[in-house]
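Each of the two complexes below includes subunit A, the first together with subunit B, the second together with subunit C.
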Partner chain A sequence: MTAAPAADRVRLRTRVLGAQPIGGLFALPYLVFVGVIFAYPLGFAVYIAFHDYFFTAPGVDVAKPFVGFDNFVSVLTDPQVLRSFRNTAVFLVINVPLTVVLALVLATALDSGVRWVSAYRIAFYVPYLTASVSLVGVWMLLFSSGGLVNSVLGPLAPSPSWLINSALAMPTIALYVTWKQLGFYILLYLAALQNVPRERHESAMTDGANAWERFVHVTVPGVRSVTTLVLILAIITGANLFTEPYLLTNGGGPDGASATPVLLIYQQGIQQQNPDTAAAIGMLLVIVVGLLSLVANRVNREA
Partner chain B sequence: MRFIRPCALVTSGLLVASCGGGGSESGGDSEAAAATGAIEIWLSNNEQELAWGESVVEAWNADNPDQQVTAQEIPAGSSSEEAITAAITAGTAPCLVFNIATAAVSGWVRQGGLVDLSSFEDGTSYIEERGGEGAGAYAIDGSYYQLPWKSNPVMIMYNKTLFEEAGLDPEDPGMTTHEDFLAGARQIVESGASDSAIWPSPTNEFYQPWFDFYPLYLAETGGTTLVEEGAATFDSDEGRAVAEFWATVYEDGLAPKEASTDDAMSAGTTAMQLAGPWAIPSYAETVDVGFMPVPTSSGTEDVYTFADSKNVSMFTTCENQGTAWEFLKFATSTDSDGQLLELTGQMPLRTDLAGTYADYFEANPDYVAFAEQAERVGDVPSIPNSVEAWQAFRDGYSAAVIFGSTSIEDFLSQTSTEVDELAQG
Partner chain C sequence: MGRPRFVWVRYLLLTTAALIFAFPFYFMVVGAFQEAPTNTPDNLFPTSGWTLGNFAAIDARVDLVRSLLNSLIFTSGVLLGTVVFGLLAGYAMARLDFRGRGATWVLMLLVQMVPFQLLMIPLYVQITRGFGLGDTYLGMIAPFAINTTAVFIFTQFFKALPQEMFEAARIDGAGELRILTSIAAPLVRPALVTVILVTFIGPWNEFLWPFLITKDASLQPMAVSLANYISNVAQSTANPNGAILAGAAALAFPVVVLFVLFQRYFTASDLGTAVKG
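After this line comes the complex of A and B, so read on.
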């Protein structure tokens, strides 16, 4: 008669805490981390975006009324904000495909046993490990008006120069970020390539497939899940662009051609003390990035 | 000291916001105002200023064992203002900061972060006796949330060696009018003496106008600030003249549109910069520099310029405001100001500078021009949304003047309207 309630209690506990409750305990630090570092600030940002909000000293009690969608209307009718999203679109159109293609091709080359493979791996990975601030300094020397690139190009050098040319500033940043991040994505692809069975390549060779056909029909499908990951990570990284337009093109220049939403969040939220409109831009960015990531996931799955 | 009084009226909305909950805290009449004890202060990271600060703190601590002062550099950040804004929000601001930019003050008042120094019994009288008539320019509706401390009057600094190579007289370049300045600048570039004649930073930060457009605008107008009586002033003949002057500088390739990757004066890649007296010790070892007033269209004498002042504010988180106020007076006394002048070359914002420190100027003739210029300066107006207004100005200026993608007429009229709205609060 007493066994049934005891079994019910065990079932209930298993349903709530899982088969291994101790596992939940181990996961707790990370859950706390996610809650404190991500969930709470995100929730607070949503609150700020719907209020007439500004930061005050502790103990200063000032009305911060609910304003509905006013902050969103304000930023969506601001030409600078709209332009920053267009600039980001330009960046993503260049950076994301280039990242996927170059990372996959270079990883495949490294995986095929080229000579000095370790040297290449280090060469690709060092930019990723190096602080962007120091690399930006190098790129400024390379791409400034009197820089090395223009000296090599001579009369073919663009005028105005790369970083102060409205049409070239964002593509230059996209190239820079592609180069800087490539090492990380190559590593992801290298790991994925290890998992593509050699038998598939051998079978394709037996069927008479050449190297290009094996790449398209064996390698690419074999690393599809990593391609989805690379797409999503590249989209998220690109949408959060800040350091490069802040430093490489001197605060989103020339004339706002490389301004990004995060740069405007910094200007409005930190410098101008308007965290409410800054939070509204942030919310829009979260929505756009979420939608793009969903699309990337869906497209790659169906392909 | 003649000092142009900018519009110091801040809309009632801003004051309501700032005083709403901080009424008792923002004044010096609370318990904290009389409290004494240990305090903390922040100083800029300028090497000479740090040396001055440490020396003043040491002298104070020797005489006040029960009211010790601890000094440290302003924490690292993209700018001092951002670090201070964050500290106000977090409640970790020190008692005093000796490096306050006027443009940030209205925002901090709105945050409820600053103590109204006028609420100390001798607050207003001390500030006005020390700073004279010009001190009023720093008040917000009659209340001093900052003590005007020191200025760095902006002048044209030039490399005498490069001027000589270009065939210009390094002792009297004769570049007082816009026309003569442009002619001299062309001579520098065409002679090959330097790649560029002048190199103001073309970057997009809100404060960059203070080192290109604004000094020349103050000079052109005889000291009219960017906003007066709640309205933008620069959509005018004078504003147009200065904007066209700089547009010509950029169009003719006399100034680069890119930021320098190193110190252009030291590297010799430019022959001129706009700078204050801080530049004298900074370049003492590397460049033989001269200074001349900023040009005007007609070459007027006794021109005005931008003060580039840095001031001192007390923060509401300060528990021992009595000590903080006494230390502030000690650090801005005649003796401490003299020490500041001697160690940093920066001009204390006090009356009769040249007379008070006659011995110093006799021994340091390089600084005499700055002392004279300090008599004719204008500062950033105390307006609501100050940083936003300057950012709007910079955006419009970059488009029209630096990159030429819009017309100067459109820049002046559109930005003026935008600044009008922001200045209304």
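After this line comes the complex of A and C, so read on.
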């Protein structure tokens, strides 16, 4: 008598909650984490950016009025902020093409059956895994005025030296980041190269194509989707620089020539206690990165 | 592929690149043990002047052992959260049919797209002022407590296990938690190693977040201590180069050793997961 309604109830429960509702409990800690660490701060960031937000003593409740786009206006008319976005543009123009070309060329060289592959892999990959603070310390010494790089260059050494020269500070950071991140992109390309069918290379060879022609007409189109990924990741990395300008060029120096938006978020939001304009810079940065990624995606698809 | 006479070009290219890549590490390790790290090319292979004094010099200004211990506590906290809650979430996503699974999956993809820099200011306000967790290990760990990439890796590995095994265990009356801990988790041990390695690097190398929320030097992880030494202390020191390199080597050493030992676990497909989601 009771069997049928009980089965109905189980079926109903299965339809509403799923066959193993305990799964919701298993996923709950992760969902709480996402709510507290991502969703709430994301909403809070938008709130701060549109309000006259400032830090108060604990327990003191002061009105923080809605100010519309005021924070964005003051950010977009701040020459420091505009300069930081221009600096990022300089960085990207150097870093992104260099990254894509070097990563693809080195991955192609590694892919075609050389010996000591794992030794090369370690050499290329270790900078990516190592803390930027460590490597920035080393580069700072190598590129200092009396450092090894200048003593090798001798009379060709730039004056003022790399990191204190406003024309060279950002390019030096771009070189550093290219060097640090390249191993990761080489690995991405290596995985992609293994999916390019051998037959395409072989048929190109029977058509009399030389190594360069095969690289251009078989390899490059074969890894196009990974190139898009590399472009987007390199743009995101470049837009989010903080450690490098903070340490390598001593706080975005000389005189703001290597300041980045994230460095300004730190300086304005935390050092100068203006979280509202800092949040506005953050939102602008995300919008710019999003647009650039769309462009990268579009350009690479048509090319 | 390619004609044999071009092979040497390939080796030349790779070897030159590898030397450029490895050189700063060579400079770091040799300089860390040199009384006066060289600034000239003719002195790149020193035969004398070895010392441990650089480590003592940096240790006198920032407590090396304490800083490395702080890095370890920070990293272990993240690993613990990621392994425990990541296994639970990954198992649920791969093997359990529950309401909201699809939405959770979408959420995992969205999380990968939110840049930390956008969250930096609100998280700082929330964690230091809202939760009062400034200058605590918990505040340091919280934003990284469950690595979403790890949840993806666990999900993939759990999905690859045969369905019959789970059905048999359920018929035998095993609860889901028991299936996870005694059957499923031991079978995905390679995933566990990969997750631990991939997750370790993040907090160990992280600078920005612990730098923001730790003012107390006795709580700062090694990356923050070294950065403070470089930007504040070094200028007032007579010969800071050796000390900087010693600190850099101490921070880099654990990760490099882990990578060389467990190289085969760092595969491109896992990294692909890490970025593509």
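Please note the rule applied: the second predicted complex is superposed on the first by the 260 of 303 C-alpha atoms of A that agree within 3 Å, B and C clash if a C-alpha of one lies under 4 Å from a C-alpha of the other, contacts with A are read in each partner's own complex, and residues count from 1 in each chain.
By definition in this document, contacts are C-beta pairs under 8 Å (C-beta built on N, C-alpha and C of every residue); 3 or more make two chains touch, one makes a residue touch a chain.
None of these values were measured; they are calculated from a predicted model.
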First, second, both or neither for A:A278, with subunit B first and subunit C second: second
Winner by number of subunit A residues touched, once subunit B and subunit C are compared: C
Touching partner for A:Q267 - first (subunit B), second (subunit C), both, neither: first
First (subunit B), second (subunit C), both or neither touched by A:P221: neither
Subunit B versus subunit C as contact partner of A:G68, first or second or both or neither: neither
First (subunit B), second (subunit C), both or neither touched by A:A119: second
First (subunit B), second (subunit C), both or neither touched by A:L141: both
Subunit B versus subunit C as contact partner of A:G252, first or second or both or neither: first
Partner chain(s) touched by A:S166 [first = subunit B, second = subunit C, both, neither]: first
Contacts of A:V16 with subunit B and subunit C, given as first, second, both or neither: second
Set intersection of subunit A contacts, subunit C complex versus subunit B complex: 55, 58, 137, 140-141, 146, 250-251, 270
Residues of subunit A defined as touching subunit C within the complex: 16-24, 26-27, 29-31, 33-34, 36-38, 40-42, 44-45, 48, 55, 58, 102, 105-106, 109-110, 112-114, 118-127, 129-142, 146-148, 151-152, 179, 182-184, 187-188, 190-191, 201, 211, 229, 233, 236, 240, 242-243, 246-247, 250-251, 261-262, 265-266, 269-270, 275, 278-279, 282-283, 285-286, 289
Parts of subunit C lying in touch with subunit A, wherever the complex brings them together: 1-3, 6-7, 10-11, 13-14, 17-22, 24-25, 27-28, 31, 37-41, 85-86, 88-89, 91-93, 95-101, 104, 107, 110-111, 114-126, 129, 142-143, 145-146, 151, 176-177, 180, 201, 204-205, 207-208, 212, 223, 226-227, 230-231, 241, 244-245, 247-249, 251-252, 255-256, 259-260, 263, 266, 268-269, 271-272, 275-276
Complex contacts: residues of subunit A adjacent to subunit B: 54-63, 80, 137, 140-141, 144-146, 160-161, 163-164, 166, 250-256, 267, 270-274
Residues of subunit B that touch subunit A when the two form their complex: 17, 20-22, 25, 78, 81-82, 85, 88-91, 93, 107, 110-113, 195, 202-206, 256-259, 261, 315-317, 385, 387-388, 391, 395, 398-399, 402-403, 405
